[in-house]
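One chain, subunit A, appears in both complexes that follow, with subunit B as partner in the first and subunit C in the second.
For the complex of A and B:
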């Protein structure tokens, strides 16, 4: 029986690859948008404008303090109630972008705040504008602090993306659900699902570890 | 060049500068000394508005620093500021440190800025250290890069906030030498320092501050031989006999 199911599973591989592609698409788009928004958020969170700092802070707390599954339901099921209809795919990307951006905001903000005050003072004293200080002095130094946890956040993003299956996006996890109804070997089916996630995440985990070592040990050039 | 009129500054409740009146003319070298917490650093940090003042008038190179609408970027470009802790940019070489402001603020072409940077670093005795990162330099060398960074903007005024206080004793001399040369070339300078030898030799005037006020303002010889206030006398005896 096991051999029969295994052959069935092999035959379903194209379906799994489609799911894999969907996961990569959802996670990849969210990674891109989330990173951009997260950097802007982090710059505001660490900036001098108090209202902006507070608004971003409240948003971050709200997102970090609620389950992602609830957030995605809110976006997918409740928004249509106020007249905003969304397909599952854009809803998933919006929810995941929002989640990722809030975490990246905190990572970027703490990286910026870790740059010593004297750096900004020296740049101010030499006449660099606020933007130039950020661009040439603060961000390049903050990146050392930001990069390792940022890549770590990407790993979490790929894994959290499995929750979008709950609103019907046919990602790897959803493919697993659908397949297990035909091939009732849960261990085998979800073993494959897990493996596919691992294939994406493992290089990222290594990259994060590599960056961490490079940023701390090889700090000669600081 | 620098003119304080009844300048007052508070940090919250704390009154750190009280009714400061001061004129510094072009080419003058003014040393500021006094016990810690007397407001000396704050005094020179107000000049390029690293610290804003709350009351009074502060005019630098004919521009109103006390006016919130004044575009400070322009004034700051004319004022070199040297910090106790150097504050070099650790991710840039010595040359990168000294050329960033000329390139970004003065819009100088890169090649020209690098030529200026090389010449200026050579002038402070670091011609061999152009490609080094700050972490590869000694404290004295880092402070000289910081001075070169200020000079590359061709400033009208140089401000020094305890430039030798974070240095090992054997490195103080090399930094003071650079400052002495600058003074001889006619740079307008205000120097917060405890180096009384430097003050005696190089300064035109010594200001002595206590509790946010300038309580003595005299040529170095007069100040060192005949301080007018009790506070000045105790300060001098404690600093000269230790």
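For the complex of A and C:
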């Protein structure tokens, strides 16, 4: 019986690859948008404008304090009630972008705040504008702190993207769920699902660890 | 958006929410306890001298960290019955949450241990303490101080992750929102109430984390 199911599973591999492609699409789009919004959010959160700082802070807390599954239900089921009809795919991308942006905001803000104050003061003394300070002095130095957790966040993004299967986006997890109805070998089916995620995430985790070691070289005591 | 917001329905469902709030709390607490124990054990294995132990712990930690919780949850939910093991849903859910968070706790504890000055361990060896004694009296007390904050952070993640248990039809907060939504067609009331309850837990844990930072860190005596 096991062999029969195994052959069945091999035959449904194209279906799994489609799911893989969907996961990559959802995660990739959210990565792109989330990073851009997150950097703006982080700059605001670490900036001097107090109302902006507070608003961004509250937004980050609301997103961090609630499960992603609840957020995606809110976006997918409540927005139509106020006249915004969304397909599952855009709803998934919006929810995941929102989540990623809020986490990247915190990463970027703490990276910026970790740059020593003297650097900014020196830049001000040299007559650089606010934008120039950020672009040429603060951000390049902050990137050292930002980069490792940023890549770590991308790993979380790929893993969290599995939750969009709950609103019917046919990603790897959803493919597994649909397949297991037909091939009742849960260990095998979700072993394969796990393997596909592993292929994406494991290199990213190692990249994050590598960056962490690489970026702390400069500040290490010898 | 909120002009049609019906507080009466929420009030009517409050007993259900209260019950489910408690369910989320104790499911999370049980998994948290299990995860800390699993984390300590697998961290000790990962740092041990035996290659086999290190290998087993490494495979466990890396495979958990590289795959999404939802895939792991389905792996157990669909996989255990196909192996002939029948468990109630909530036990499956707690097992998945425990094993998932356990891997992250192992990494947190490992980071805390490795932050300890190696001289401390050498001094322990020189004083003739056994491996167990060094762990118990020298390493773990200091590691606890280093790790209490990331540990609470992981606890927050665990509480949020427990929302996924609703997908295998365990009664908890997110499931309460789904129930209200499907019975009354009021997603706004259902999911925003759910979100509010999660926020209560989030802010409590966050406040506790801030407090512990001030009070519970064991500082070195000078």
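Throughout what follows, the second predicted complex is superposed on the first by the 217 of 222 C-alpha atoms of A that agree within 3 Å, B and C clash if a C-alpha of one lies under 4 Å from a C-alpha of the other, contacts with A are read in each partner's own complex, and residues count from 1 in each chain.
Operating definition for what follows: a contact is a pair of C-beta atoms (placed from the backbone, for glycine too) under 8 Å apart; a residue touches a chain by one contact, two chains touch by 3 or more.
Quick caveat, the model's predicted, so the values are computed rather than measured.
> Mind checking the superposed model to see whether subunit B and subunit C fit together on subunit A or clash?
Aligned through their shared chain, the two binders fit side by side on subunit A.
> Could you give the angle made at the Cα centre of subunit A by the lines to the Cα centres of subunit B and subunit C, to the nearest 10°?
Apex at subunit A; the opening toward subunit B and subunit C is 100 degrees.
> Quick check on the superposed pair: does A:210 touch subunit B, subunit C, both, or neither? Answer first, second, both or neither.
Neither partner.
> Would you check which partner chain A:69 touches, where first means subunit B only, second means subunit C only, and both and neither mean what they say?
Second partner only.
> Where does A:197 make contact in the superposed view: on subunit B (first), on subunit C (second), on both, or on neither?
The second partner, subunit C, only.
> Using the touch definition from the top, say if A:118 reaches subunit B (first), subunit C (second), both or neither.
first
> For A:136, select first, second, both or neither according to whether it touches subunit B, subunit C, the two together, or no partner.
first
> Decide which partner touches more residues of subunit A, taking subunit B and subunit C as the two options.
C
> Once chain A of both complexes is superposed, is A:187 in touch with subunit B (first), subunit C (second), both, or neither?
It touches subunit C, and subunit B stays clear.
> Please give the least Cα distance, whole angstrom, that subunit B and subunit C reach in the superposed model.
25
> So in the complex, which bits of subunit A are touching subunit B?
Answer in residue numbers: 116, 118-119, 121-129, 132, 136-137, 140-141, 219-222.
> Help me check something: in the complex, which residues belonging to subunit B touch subunit A?
Per the stated touch rule, the residues are 48, 50, 73-74, 76-77, 79-81, 83, 85, 87-91, 100-101, 104-105, 133-136, 146, 149-150, 153.
> Any idea which subunit A residues touch subunit C in the complex?
61-62, 64-71, 73-74, 77-78, 81-82, 155, 158-163, 165-166, 172-173, 176-177, 180, 184-187, 189-191, 193-194, 197-198, 201-202, 205
> Within their complex, state which residues of subunit C touch subunit A.
That would be residues 1, 62-63, 65-72, 74-83, 156, 160-164, 166-167, 174, 177-178, 181, 187-188, 191-192, 194-195, 198-199, 202-203, 206 of subunit C.
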